[in-house]
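Labels run A, B and C following the written order; every chain starts at residue 1.
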Amino acid sequence: MDYTTLTIKELHALYVEGKVTPLEVVKQAIEKAKKDKTNSLEAVTFEQALEMATLLSATAVEVDNPLWGIPYFIKDNISTKGVETVASSNILKGYIPHFDAEVVARLKTKKAISLGKTTLDELAMGGSGMSGHLGRTYNPFDPKKERMIGGSSAGSASVVASGFVPFALGSDTGDSVRKPASYAGLVGFKPTWGRISRYGLFPFAPSLDAVGYFTRSVADAAILLDVLAGRDDKDLTSSFEKVEDYTKYTTSVKGIKIALIKGISDNISNPTLKEHYEQTLVELAKRGAIIEYVEIEKSLLNALFSTYFVISCAESTSNNANLDGVKFGARKEGKTYIDVIKNTRTAGFSALIKRRFILGSYSLKQENQELLFRRAQKARRLIVEAVNKVLTTHDFIYSPAAPGVAPLFDKKSDNLNIAHLIEDNHLVIGNFAGLPSITIPVCLDNGLPIGVNLTGRAFSEKALFGFAAAIEDITGLKNLQVEDK
Amino acid sequence: MEYEAVIGLEIHVETKTKSKMFSDAPVDYNAAPNTLVSPIDLAHPGTLPLVNKKAVENAIKVCYALNMTIDETLYFDRKNYFYSDLPKGYQITQDKRPIGKDGYIDLNVDGKITRIRINRVHMEEDTAKQLHIIEHSLVDYNRAGIPLIEVVTEPDIRNGKEAAKYVEMIREIVTFTNVSDGKMEEGSLRCDVNVSIRPVGREAFGTKVEVKNLNSISNVEKVVDIEIARQKAVLEAGGVVIQETRRYDDGLKETISMRVKSSAVDYKYYPEANLVPIYIGRDFIDRVIATCPELPTTKRTRYEDEFKLSQFDIDVLLANKDVCEYFDQTVKFTKNYKIVSNLISGEIAAFLNKNQQSITELKVEPANLAKLAEMIAGGKISNKQAREILEHLFEKNQNPELVAKSLNMVQISDEGAILTLVNSVLDENPSVIEDYKNGKDRAFGFLVGILMKKSQGKINPSMASSILKQEIEKR
Amino acid sequence: MIKMNKDKLKELANDLLFDMADQEYDTLLKEFDELIALMDLLGEIPNVDRGEPMIFPFAVTNTYLREDEAGTPLTKEEFLSNTPDSFAGQVRLPKVVN
């Protein structure tokens, strides 16, 4: 039987019934992962996983712990003790952390079993899955290997969509979990800012960053949040907000007010997406949801990408200033200490990252800060005010998660292009305002998945899961994955 | 042309805490290199800053001592630059909203009181330590992340003496409030000065020169005066003062240029996004102030107004926190402040000096020193006797009254006893009485002498004197 | 803001302590122009400069401060395990001259 293609909930049920042991499941997961053709893996920990699975299999299953014995992968910008973590950058080659990220530690306590790390765009700064140090990660839904899976959490999306494991950790700064989720037919979840501890997450832009994850069902996403949510004193930005029982959501949408943003929701170019997107709304209305178009000032929508670009590049420049080869990482020698740092950074960063750093640094320079960085921060405030205003009168924002199916590799690039359609970048609203946001599949277009995105008020994860699960019921698209060819 | 100097000081104080400013790595100035380091101090990816409560309390105490307005919310910023001793490539500091602003301190220089305005007090973290040997530099991260408090004055200081006095007062404040060891020689108090000169009467400032890392208070005075003289000489020779950073060379006894400031370095300051604003509130601040050890300025005022000690005495006591503490303990048991002060700065200081001890090792307990003072004040013993008793107390802490008794030093202060003795002396010396009555004053002294001899020096001199006078008049 | 050219970009790269291949500067110069065009979109937001910059996604202040207790530091072996070059337990660099 195929165990790794089950959801967490289903697998847990089998464990409880004694139908399978963690060892059998982990063995299966490892076998599949070894045959990965999508270039999704970094450092793997198969030996440790087998050890842990063996130990667990000799003990009684924890009936009330749905993560017991569940295999998973971790995006390689999340710190894992004793396991090389390089965030897909050559500059971090050989770096082995002394500590686990908080999320990893919590999953360990819950006896989930990590099989290793996954690929990403270098330093999480990208949306194509192409800029990693191991080269591009492929979308498993395209056997021709011509399509991307998006980024930056490319590898984590792939391992779940490929059916190796039921879930994988990622991170989302502009849409880095929620966009690849759309391209890979997955549930991609980003919590409220501060809901999940960022301790151990390599920082890209702390005011936007969140740990997120991929699952194949909404119920699984709720199970994970039960464990990962909550204050961590090792992250002073983590929230004291009470942790709810997220799995106890209701899928009733009666009286729920759904907002569609003009300029985003009425601008769908892919006909299959448009059809299913709208059909879903019809069904929601039938079940008592109230659906309305709202307006957000056009100039704000037009500025979404530039605001994101400036803030994230500027913050990332500062956050990666610690990568100098002095204390850790792949040092290159030199005659003076400046040469050492310079040679290290020149060799260690890709050209793309360097270009981003230069632009970021430029916006932070004292003479430019007011007109660039601070203006972008002011624009952010206006955008956030507008979005929060919508959410005072409506419960959720409903939008397409991507313009269409996963793009071909040569169609998308990380070169800046002024013709960035709003439809490609609007998910960043969730990062600007720190709102919980989830992508779930809504249709398949010639076998390639496309998702919708739901965003709610801060700390409304439980209601968000309920709404997402309702849509899951409507579309019937649950536990999608690539078929074994 | 008359010039006046315009001087501002920046002082960095390393504060006494068990752990670092943003990490829980231990703080210990004597540990082997790189044994007090956490991943946070090494800027390992994914580590986050954790603000130390004690460091905040220390900063509040300094703000309080300097009469600053204290912010009820803490904000932190990043100062971005690259250097071999800066692990993160930025320092977490407080740029826009320092914890303290708009304060002042009053300097007393040779009787003249000058108010120096304090622009800001803020918290930041220390850098790693570098050891330069032959071809290499070695970096020790034990110091990286230790809490620092920075104190910046307005350019209100006018000469080397004021500058030195200011640094002395800051040192006093941070040691008395238990915030820091305040030792310039060890680097727990560091001082940079900014010096410029302008013609007297002109409002605009001259070009500012920074002189860094002065390592003693006496050097502060010296260096400031040397720099003022240097700038004067440059201007008088028709030259122009260059904006630059200089350092003091102790061998050459002059300031040397380190680097010329072509333009200010751009630190790209922006708010630290890994630290949300931390609200501490007025109650917290008040509690810290309430539990703060007595400020040196408060002590000075108390010693002056209540105890009526001289400036000199006060300076001696305040020069050392432990000495001051000992004094405070002693005067809980006696009101003879001046006598206690003299004992401490005199006999006790000499003893400690001779034996290379600190006052914390002194065996004499304050209560017993107080008793001794009382004995002196009450005329029960002479100063010479007091010194003798003290020698015994240095060896072993004991009640000075018992010591005096055992040494047979107890002074005769009983009126009846003295009366008897006086009358017996008078009886034995009728001719001297005649001399006294005939106006020979020396006769009185002669009789006192006999009294002293007869009582083996134990008679209370002042009582003897007055009773003798009284009895001799009767005859 | 000044008119950008390759030399100024090289200066910026130098400030960040790295260098790039020559053609990368050409790419960057193009991207820079695109960035400026993007910035114009920011300028088109009515009253964009009126408000306060937003630093965090929502207004939050906490009161938590870490108690001053010493934790467990890295062991000597742990410290050295990631150090690229060391000597006598310290990180080693070419001599840093002021």
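Keep in mind that, in the parts below, contacts are C-beta pairs under 8 Å (C-beta built on N, C-alpha and C of every residue); 3 or more make two chains touch, one makes a residue touch a chain.
Remember, it's a predicted structure, so these values are computed and weren't measured experimentally.
Colleague: Among the chains in this structure, which pair is joined by the largest number of C-beta pairs in contact?
Modeller: Chains joined by the most C-beta contact pairs: A-C.
Colleague: Of the chains present, which has its C-alpha mean closest to the combined C-alpha mean?
Modeller: Taking the mean of C-alpha atoms per chain, the most central one is C.
Colleague: Go ahead and note the Å separation of the Cα centroids belonging to chain B and chain C.
Modeller: 42
Colleague: Measuring from the mean C-alpha position of chain A to the mean C-alpha position of chain B, what distance in angstrom results?
Modeller: One centre to the other, that is 57 Å.
Colleague: Give, as an integer number of Å, the spacing between the C-alpha centres of chain C and chain A.
Modeller: Chain centres of chain A and chain C, defined by C-alpha means, are spaced 23 Å apart.
Colleague: Mind pulling the residue numbers of chain A that touch at least two other chains?
Modeller: 95, 98, 207, 233, 236-237, 324, 326-328, 337, 341, 361, 367, 373
Colleague: Pull out every residue in chain C that's touching 2 or more other chains.
Modeller: In chain C, 17, 55-56, 60, 62, 64, 66, 74, 82, 91, 93-96 touch at least two other chains.
Colleague: Could you list the positions in chain B whose residues touch two or more of the other chains?
Modeller: Each of 39, 42, 44, 50-51, 82, 84, 137, 139, 141, 273, 276, 278 in chain B touches at least two other chains.
Colleague: Report the residues of chain A in contact with chain B in the complex, numbered from low to high.
Modeller: Touch list, chain A to chain B: 77-79, 85, 87, 92, 95, 97-99, 101, 198-203, 205-207, 233-237, 314-315, 318, 320-324, 326-328, 337, 341, 361, 364-367, 369, 373.
Colleague: For chain C, which residues are in contact with chain B within the complex?
Modeller: Against chain B, chain C makes touches at 17, 55-56, 60-71, 73-74, 76, 79, 82, 87-96, 98.
Colleague: Spell out the part of chain C that touches chain A in their complex, as residue ranges.
Modeller: Interface residues on chain C, with respect to chain A: 1, 9, 12-13, 15-21, 24, 27-28, 31-32, 34-35, 37-39, 41-58, 60, 62, 64, 66, 74, 78, 81-85, 91, 93-97.
Colleague: So in the complex, which bits of chain B are touching chain A?
Modeller: The touching residues are 39, 42-51, 78, 80, 82, 84, 87-90, 137, 139, 141, 266-270, 273-276, 278.
Colleague: Mind listing the chain A positions that touch chain C in their complex?
Modeller: Counting only chain A, the residues touching chain C are 94-96, 98, 193-194, 207-208, 233, 236-237, 239-240, 297, 299-300, 302-303, 305-307, 309-310, 317, 324-331, 334-342, 345-346, 349, 351, 354-355, 357-359, 361-362, 367-368, 371-382, 384, 415-418, 431-435, 458.
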